[in-house]
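Going in written order, the chains are labelled A, B, C and D, and every chain counts its residues from 1.
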């Protein structure tokens, strides 16, 4: 449960990376870029927060990208075609996605099926449902959208802290508090430590599983809404592959895929690290499609290896003591 | 206690419980009655069905038939949580706590002190500290439980169950990994609780403890109820006969060692062997045909010594020799290659591969030793498994059963079989008799003697000093992760060992003075 | 001064796209323009990020090959605020953003489908003709448009009918797999008269499937597809394909010219610079076209 | 759970039969077979032939998963090796081409194995690195184009036939037998299962768990390489952009449908391949059905869930459902 050291290490890696990038491209060290980083990764930050809960509990949720896609289409159609007021559409889609997550959680628990596969089926299902709604991209013209996308707190240096960035920061903060300070959070860790054991200790494992996947899908739905603000449109193919991005962010943030350990702050840093890798590549601008991929892979490796190395270094004295026991 | 006519009303009544796992009938029409305020021992051989009965009563397993009444009302909990809510708190046999959570969180999981929906971390730690201090434990409750030894984990589990202040407290082999001191504390607490009217079910293979603490005894055999007696009026031999269904060829409880001083060639030796921050450098000679016992308090460095000797942990200094030739022990593979074997103390995490069958678990080490390209044929495997299942009386005697489904004691025997199958020259046993019933216990001790008569060298760790005294030719006493004393021959007895262990306090005082 | 232009490219999902990228580089080099290409790996969010970082770098102009038609309003507004002209390449965006970009150099993908459909209608004449269609990726606007154009074109001819339509994801392998099952489902291919594929890659796969089923593509079954990549000309030269509609990879050339004129003389280009959707058939000396296209990076 | 042992595979076979029956419903000529140019021809053959890449991937994947790992990079490795084979095909003989491609797969596997076994990275991220970078490497080799070749030898690998059986199918069968022989003929199978079941305990029993982990990733790489070569041979070209795209998910799905737990331990090669066939039978059925492609994913989701529920330990068929309903009633 001690989240601090790995998080600190991730933070160090982030700052070091940022500094290195800024040396090469001084423009990077501007509030504008930082603002962009938050805005551009707002939806990723939100899903990744949900994913953190899932992964700490020992599960995984592959459906989030598709849920985002579905949400954007649903919201767009509801507002533009069905004439539903935006706020009602948001509530409806959040209820829908939360129900979807709850259903996946229930299947996982009741039938004792691996989350990987259940949520994979969920991924197909949500994407397919999106296609059924519309295969075209639907622009959203509701006035709320322009109001929200135009809203921004201006930072010194020309940077903008946009509404969706603020939503993301709020969700991350909420996630931190929920995981750290509540009984629910403690139970999430408990599930990750061992479902059977947690159950023997009196944790309502079934209920928790349902709630955790519900939370993840709910946040994916919210991320979908944010994504629709980001693009002012709904498109069934949006956010393909986001599940892997968010898993990567969670893991880079120091959360163990085996569950039981990790933190939301770490995930947030992981999202920023990924965003930074991309910013760097964009600033470079000379990379072909393939070198972009290769560079992303190399940077990903470098970050993880660096982090792993630091963790090993940090653990060294402790390892001797814990040795046999742990 | 409303019913003033009955001084000890029955609190928990179990009637006609049956439970089968596939073809295995683990429980058949078992009755069990627990009165308020009594300590009731539930006894039986390994695999008799004790743990299963407990799990059925607490709703972990669904039952096939029977009723459970708590305080006269029928209850049918469907989960451990429901059982807890009904007032039955349980410490299951294997430590069932979460190593990734802090000690405090483990103690207060799902019932943390809250304010405005937020866990009061400080308050929780304070209470955790207070609770554990009652058990004589002064540890950092904010650290992950996994950092601590099994013993501490076990105490934590007990403390948790006790603190739930239920009407019924069930303890499945709580003392298996505790030392005398901790057992004393636990018994003190149990007596207090009983006085408060709580009914306590106590499972143990230590008959001394049973006689010390329990009021009544229920014995199971092969999933059936054998009988229920008052402890005071049940002679020990009679109890053993009830458990085993036969007489126990009472083992030589006196020191049988040193009967035939044999050649005693050195099998393996360690000079100045150690690892900084792990265990202080030590010298150790292990001879063929000799049992060396390691004694000490919990956390004194016995397991650490064993792991260094086997190669599970790398030494950072010193010299190891096998049959006189100097060797490097960098990994368990090295140990196995040099003919060592090691039964670890934490059988669930370090020992068994739960999903694999008894046969596969038995041949695992031998196969690893032979290498990939020389697979044991199925016939050889069957033959080996069959032999050891019979020799160690592993029950049920089905080599194709996943080992995770065996009772705790039987799992332990499978581990022993795994190493015997490799025909080792040196066997390191960390708590080999933990959780093993009286019958098997004497079997294993007899086996240890036999093995060493055949020239095997043995290094045995046990918290049972009587046991160590019974079979050891030499005893090494550890304290604070250092080897402090070696006893041999006539000097080996419980008093001397205790003195060596306790010299601690005296020496410290001397040093301070 | 030398111009610096940021180009937010979609990714590298096909040979055509690779050719567009490499032609763009050649054209930029010809005009001594510093072209910064950011590859979005098929993701809109990456394109938005790229545009934002171009703005942060204060480039002289931005080229955008939008992966989807919607969702560019706010980022293009930012570009506009920063006074950076934007040119759309290859695909158009939603009409609501009309005033946010300088011009769009694109082909009309609905028109491409029409050209293909018209060719087929003309070739078949009055015979009844069952068509099977290999669609592009579900949800991709190009796929929808090419389908729409084709459907409009053949709607005028009652004898033409699309009997099966599945997605081949714009890839050879899927094109082949889908064609295989079409053949099975249509009595060994005997009832199929023509194949329409939303791109040439799928058609190349389909041609292989037909050959393996013992059918003669180009003769037993007519083929028409879109893009005009070199390999389809090879098939055409071998008599295994009948027609393709060109989608030129040179979108950057006209765009660069427009930007240069705009920067130097302030000439505002027309809102839409449409590229030609030229039809090629076996009559156009496919071998020669193949040789000329080979080096373009397809 | 393992009490099901004697019945292992029943659920999968049942699922396959049901899906085949549905396929027969949507396409009456589904089971028709004829000989075409010395090669069997029919929808069933398509199922086998198209199922080959995933079947090959699942042969490697099942071993990786048995050690409690996962390999997300197989799709990218397919692309790399296909690209290598295609670029060498017209200038070198088949042995060189194969050696180069399989060698590349082996190197990829070593890299993954190194990250997991030696550096101790979590398998999903370790292989994510190659998943991302690997496709880039493949595109680097082809420069984003589709590299075509005409070498008849390599083409034969994709389109030829042995005794009427398509070569890819024969290769997959051969690999199944080979893997089976290696894994079950030596002690490898047992040691892999032990490693996946409890790595700590296995290590203490003297099992070289690192070597096991390294070995399975290497084998997974080799299988992926073979799948990549076959995929390239099939379309007579290497499409680095799309070859093997998202196939890692299909391979994992195949393994899980084949009853191997993602938490490691017991595995079955045959059932994993059967899982791949189930997936492909469903895909082919979708293509034959004539439904609009918008439905593809929905059908897939429903079938996957149904197949999984069929083998859920908590539920054996209809009886199980009823029992559960009864039990959940208060």
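Keep this in mind: contacts are C-beta pairs under 8 Å (C-beta built on N, C-alpha and C of every residue); 3 or more make two chains touch, one makes a residue touch a chain.
These numbers were taken from a predicted model, which means no experiment stands behind them.
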| item | value |
| --- | --- |
| Chain pair with the higher count of C-beta pairs in contact (B-D, A-C) | A-C |
| Geometric centre distance via CA averages, chain C-chain A, whole Å | 34 |
| Distance from chain C to chain B - Cα centre to Cα centre, in angstrom | 71 |
| Mean-CA-position distance for chain B and chain A (Å) | 44 |
| Multi-partner residues of chain B (at least 2 other chains) | none |
| Residues of chain D engaged with two or more neighbouring chains | 139, 143-144, 294, 296 |
| Touching two or more other chains - residues of chain C | 12, 18, 21, 138 |
| Pairs of chains, among all present, that meet the touch criterion | A-B, A-C, A-D, B-D, C-D |
| Touch list for chain A against partner chain C, complex | 27, 30, 32-33, 36, 39-40, 43, 131, 135-139, 141, 146, 149-150, 227, 230-241, 275, 278-279, 281-283, 285-290, 292-293 |
| Touching residues on chain D, where the partner in the complex is chain C | 27, 29-30, 32, 36-37, 39, 41-43, 46, 50, 139, 143-146, 148, 159, 231, 234-237, 239, 241-243, 284, 287-288, 290, 292-294, 296 |
| Touching residues (chain side chain B, partner chain D) in the complex | 21-22, 62, 310, 312, 331-333, 335-337, 342, 344, 349-356, 360, 363-365, 367-376, 402, 418 |
| Contact footprint of chain B on chain A as seen in their complex | 1-2, 181-183, 185-187, 189-190, 192-194, 196-204, 260-261, 317, 320-326 |
| Sites on chain D touched by chain A in the complex | 72, 119-122, 124-125, 128-140, 143-144, 249, 252-253, 256, 261-263, 294-302, 304-305, 308-309, 312-315, 324 |
